[in-house]
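Note that chain A is present in both complexes that follow, paired respectively with chain B and with chain C.
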Partner chain A sequence: MSGSKKKRISTASGWQMLVLGGLLLLLPTAAQAARISELVDTDFAQRAARFFTFQDASLRDALLGSMLLGGCCGMMGAFLVVRKLALMGDSLSHAVLPGVALGFLWHLSKDPVAIFIGATLAGLLGAGTVQLLRRTTRHQEDAALGFVLAAFFSIGICLFTMIQNLPGSSKSGLDKFMFGQAAALGREDVMLLAVVAVAVTMAVTLLFKEYRVTSFDPGFARSIGLPVQALHYSLMLLLAFAIVSALQAVGIVLVSAMLVIPAAAAYLLTDRLSLMVLLGAAFGVMAAASGAFFSFAGSNLPTGPFMVLSAAAIFAAAFLFAPRHGWLTRWWRERCQAARVRRENLLKAMYHALEQCSFITEQISVRELAERRRQTLEEMHAALRELERHGLVTVAADRSVVSFTPAGWQRACEIVRNHRLWELYLTRSAQYAADHVHDDAESVEHLLSEATVMQLEKQLNYARRDPHGKLIPGLADIQRGARVTPRDTEAGGML
Partner chain B sequence: MESALELHDLTVAYHKKPVLYGIDLAVPSGKMVGIVGPNGAGKSTLIKAVLGLAPVAGGWVKVFGKSYRENCKRVGYVPQRESVDWDFPVSVMDVVLMGRYGHLRLAQRPTARDREIAMQCLDKVQMLPLANRQIGNLSGGQQQRVFLARALAQESDLYLMDEPFVGVDAATEAAIIAVLQELREQGKTLLVVHHDLANARSYFDQLILINMRLVAYGDTVEVFTPEVLQATYGGRLTLLDDVAQAMARRPALDSDRR
Partner chain C sequence: MTDLIPEFSWETVFLTPWREDVDLTIWIVATGFLVTTACGLIGHYLLLRRLALVGDAISHSILPGLVAAFAITGTTALWASMLGALVAGLVTVALIELIHRHSRIKPDAAICIVFTTLFALGVAMMSVLEAQGSIHLDADCVLYGEMTWVAIEPPLQIGGWTPVEMPGPVLRLLLLVGVLVAGIAFFYKELLLTSFDPGLARALGMRTQAWHYGLMGGLALVVVSVFESVGAILPVAMLIVPPMFAAELSDRLSIRMVWTVVHAAAAAVLGMHLAVWLNCTAAGAMVVCSSALFVLVWVGGLAVRRLRLRRVMRGGGA
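Our next item is the complex of A and B:
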């Protein structure tokens, strides 16, 4: 009965936790936590307040430990991701299981050091087996990794079952190694984590140059006399350290996610390995801390999944909002560009309309423009309103005629000039047929920079006419403004 | 005079299957040497065997009279462009600085002087303006120039280059050739794997023609003859190939072990 009640509470607080967590991440101070807490059920609020005021020593250990392991995992993960060894993390984390069990059997207790040594040895044995299989058989890395993962994990499960059946060790706490429990971190665990974090950070800082070149171009690295094999194994040793130190809090099943996800998010944000390592570590720390918080606030739920979900949220944010590679930023950039192209095409159509009547008038009928662009009158009005907003055209009060503003005239001249210059360039220099160049110029006209245009003009000897005999507006026309018709009106009238 | 590179009875085998048989070669200093032969002839393997990147099954390699390990600082290497991941998060400058790593101790940072050398090398291949670009944002020709600049930064006496002209534009090819000729003027030795017979004659002082074994080596004017080319490109040596396959399948005998 109490079980069902617990379940109801946890599902009910799920949403609240997410909302609250988001707010707390923005303002992680005790004062804020106290204020927000009025909104939600007191039990959760009290827990949150306790978390952020650091009253509880065991809680402090759990949080500190989580952050240390998150940093280690994020740092090592960066090297895994750039080496395309993301699956190696998964395999190693499963391969350490028999080591954990053997470490436990050593003293028949949860001695952190014994378990750490056992697990690290098992991890290295796993990495060695992968190398051995790859060297001596025709298998590539993936098959070797899959084999090691499954085989070692199975051995570990067997040993675990054995331990469970041993008399007097049912409360061993080994089950925490599967899904992770940050609250289970004791003072000794945190000390061990701190040692590992310092060791990993020092090794990565000192040997950064070597790790970079062996990851990027191992053949070259060997040719300059670097001990590539030894460096690879030292990296695997550091990786095993990171994995083993993370086991208790994150759990075997999800450790690899803490290695890969923060680093993968960092990879979306930077083009430098050094920055990627730092960002990976920072994301790891953030994910681990917020994971520990949710786990604690939600009545000691398993920590691992919450850490991984936090990391995934960071990844999603990077995926959507990264300044250069972000999906949303790219979408927004493309949208802005498409709108600009639409505006410029309409300006161009207005220019063509004026050109057709030899620039004797400045005003263009909106109806005629709509026919030219094959749009309805309403669509044309909407498009013109947008041009007006950008200060490119003035529409008469009755909305029947439209004319250029000086800025609009300048942009229209530029676009027409770009189009015709590019057509001329393609026919003259790239030997395109005159009837093939229009479509290409349609897209290029919006992209040419001022410098490129100047180069084009020079290369084409400041030519006046495009391949179809039309006049190319020059700098003088653009500066004179809308009031003056382009030079050589007789030519304009010809077309 | 001491040879820049000396190979004696060099045999290379992958998984017990030989791909190069008993190569004897002595390349003098100050020559620009092309390595030519059909696909699968073992051109890249020859270079990799010198560098210790391919498994040597027999024979030995000497670089300026010593083993490769002892003299690896005197050897510069330009790998094939496709051998690395160009999305790797490093800048052009980072890659060229890697050429200096051979002169640095373990865990030692590149010095200001190393940076200066790297800049000069980038300038030599006209890539200085792109020094801070991520390498994935470069054209094929530019990527090849980066690799060349890295090799220049090694300041070596012997350069081994694996297909430096593959997939580059004409301007880059001309720029690379100019740099190589300048290196030769300085007395450096260059071994260049090359696939294009049309210009092999004009580029190189000497040619190494191989097809699983050494067919000919000598001055270009002497070895670039229809007979030698026919011997090099006239089909694979099917008998040699069959025997190699059989060797690979055969269980190791005690007499093989040394």
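Our next item is the complex of A and C:
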């Protein structure tokens, strides 16, 4: 067994041995790197310039190949994400390893077509094993996926180390399949990638409707006579294509990331599957290109990790700033909403204060307001300053009294009207007791739209009084502005 | 092709290792056995809780923690890598929670996103540091560990005194298995209940969340401890396959645990011989044997059930 390790034996600890192993691992890497970097052995900026001017033919190949695979993976990833098959992608991407090794053994060289066929077959075998395990044992999906990942990957690892120990095999090419090296993409690989990308795109375009319906509602799909099982397997085949296409540049261990992360970012940005597929492909292309760039600019580091980190950056941006589902945007929206509710509650309190003295005066004392809202004077001043900033109230120069602006009066009337209409609606139409409706109305008053209010008014026969006998401000009061106030009570009193 | 699979001879494959390199053979088998046992014992609970792939996620995502600990402290001491890995494990769990809770990404995709990103970060850090020439870590080790190297390490010494004549890592693994067995024996009832029926456990006033995190902590400990010998990817095999094997043979958790140990021993011995024969990595060969054993009981179980069914049918017809 000691023969299986052709490294120098040292008496150091395990970690120091890793160091030694790393040194040895560098040898083939350096040999590979020399191919592209013989032209360029300069600093980061010059390498970047060279990258963007596309001077090297091999660099062009690498970049083109990366972008093709990014698009391919992003497209297939969209289906994985909506079908909750992310971990299937992970499993299958590990399961293709023995196929890669056997494909390599076919000619003992890095023949793209042989590797492609071997890996695709291994991937399909893996998907079939998962299904078989699910059907014939009690094990859950996760265990079946884990088993396929583990068993296939370990067989692959064994084959891999056996190949490494073969005398005279050009194993440097095979190393790249682990962590990816876009620079190792040759002209033939890019041709194959292009064919795969076109095939996958065509299949997805032609079968888009079928995939969409089987992804979201398999029961319905079966009832309209679609071959759900066959479609699932065809999707697995396309998935295997995408995985195999990505192997060279991303590496086996990280392919699942290129499948899931761009698609997940797209999932946060749109609700339409078609748009999600396109966005996923676009993000995949972006991530792959920037990964190739960083890998090249940093003197041929492995490409896979940098592609995945670029994809993760895109995902993080979508996670934080997506217009509808973003975390920060939602937080900001909720904050704005909460601030609006606070403002409207204060306006309502001012209205109540005026109502209590039958609208004789237009001015409300800040102290009274503070007592009513159970706040300190300082807090009340701060809250009023905010209302002032929004042009809803005017505070007197000595900051002791406050009065509505026309806009503030209008909003206050609207809120009070919403509140009382809703209370009335609940007591009349939903049979609530009059003393149970306040809390509900308290939250709904901020959300009712003008159209809903009109409908409510109509349904309640333009009632003037709420269940507690208080007057509901009508359209006239709302439009009149802050100038005139007391008529309501008089009119209401007469009713 | 003929070069690839060396000629099989009973002599070299099965007898030579025990005749010539007895020490090495014993320690390799012991390492494999202990690693598979440790993973398998805790794997039962993952399988019961349908968390099989969380084990995969954690075993990947400790990598940046290990690399960062090495880069910061500059030592390869156990405490540093343990600390780094634990921090990375916690970050993983927290990030999965964050993405899952604050967006509409499903948990499976959240797991996939987090662990692949962290693993990519680890590999990127490794390769950048490597390119700068400051440290060298072995990518092979990440992939399938260094079991052969672990087995020939010097024994643990405390101030010149050697407590036990066995390689340091093997002793550590032995301690790990001891702690695990003690922990499982002591908390058997609680772990069983919280795994099988969290609802009842909660109703009885047990803190299921705390037990969940305790289990995750144990998982992180196991994964970190076995990283040296089997790498970052193979632990998922050892976490999942032995419990699946045992589940085919028994319905009682305690008996399944015993089967796990038997399975670990068989996989370690067979794997070692397979590695000798094929001249490949020992850790990988052990997982291959472990998977083959599962396939054996799986297909065997299917065949037995089919035969029994046929006998019943025939009996019914007569």
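Please note the rule applied: the second predicted complex is superposed on the first by the 434 of 495 C-alpha atoms of A that agree within 3 Å, B and C clash if a C-alpha of one lies under 4 Å from a C-alpha of the other, contacts with A are read in each partner's own complex, and residues count from 1 in each chain.
Assume a contact is a pair of C-beta atoms (placed from the backbone, for glycine too) under 8 Å apart; a residue touches a chain by one contact, two chains touch by 3 or more.
All figures in this text were calculated on a predicted structure; none of them were measured in a lab.
Enquirer: Thinking of the overlay built on chain A, is A:220 touched by chain B (first), by chain C (second), by both, or by neither?
Expert: first
Enquirer: A:212 contacts which: chain B (first), chain C (second), both, neither?
Expert: first
Enquirer: A:84 contacts which: chain B (first), chain C (second), both, neither?
Expert: In the superposed model, A:84 contacts both chain B and chain C.
Enquirer: Tell me which partner touches more residues of chain A in the superposed arrangement, chain B or chain C.
Expert: C
Enquirer: Figure out whether A:267 sits in contact with chain B (first) or chain C (second), or with both, or with neither.
Expert: Both partners, chain B and chain C.
Enquirer: Thinking of the overlay built on chain A, is A:257 touched by chain B (first), by chain C (second), by both, or by neither?
Expert: It touches chain C, and chain B stays clear.
Enquirer: Kindly classify A:332 by the partners it touches after superposition: chain B alone (first), chain C alone (second), both, or neither?
Expert: So A:332 meets neither chain B nor chain C here.
Enquirer: Just to be sure I read the superposition right, which of the two partners does A:462 touch: chain B = first, chain C = second, or both, or neither?
Expert: Neither partner.
Enquirer: For A:151, select first, second, both or neither according to whether it touches chain B, chain C, the two together, or no partner.
Expert: A:151 contacts chain C only, not chain B.
Enquirer: If you lay the two complexes on top of each other, which residues of chain A touch chain B in one and chain C in the other?
Expert: Looking at chain A, the two contact sets intersect at 84, 267.
Enquirer: For the complex, which residues does chain B have touching chain A?
Expert: 48, 51-53, 69, 72-73, 75, 77, 79, 83-85, 88-91, 94-95, 98, 101-102, 104, 106-110, 134, 150, 154
Enquirer: Which residues of chain A touch chain B in their complex?
Expert: That would be residues 82, 84, 206-207, 209-210, 212-213, 215-217, 219-226, 267, 270-273, 276 of chain A.
Enquirer: For the complex, which residues does chain C have touching chain A?
Expert: 1, 3-5, 17, 21, 24-25, 28, 47, 50-53, 55-56, 60, 70, 76, 81, 99, 102-106, 108-109, 111-113, 116-117, 119-124, 127-128, 130-131, 135-141, 143-144, 146, 148-150, 152-154, 168-169, 228, 233-234, 236-241, 244, 247-248, 272, 274-276, 278-285, 287-288, 291, 294-295, 298, 302
Enquirer: Okay, in this complex, where on chain A does chain C touch?
Expert: Spelled out, the residues of chain A in touch with chain C are 1-5, 9, 11, 13-26, 80-81, 84-87, 89-90, 94, 105, 133, 136-140, 142-143, 145-147, 149-151, 153-155, 157-163, 165-167, 178-179, 253-254, 256-257, 260-261, 264, 267-268, 298-299, 301-302, 304-306, 308-309, 312, 315, 319, 325, 327, 330.
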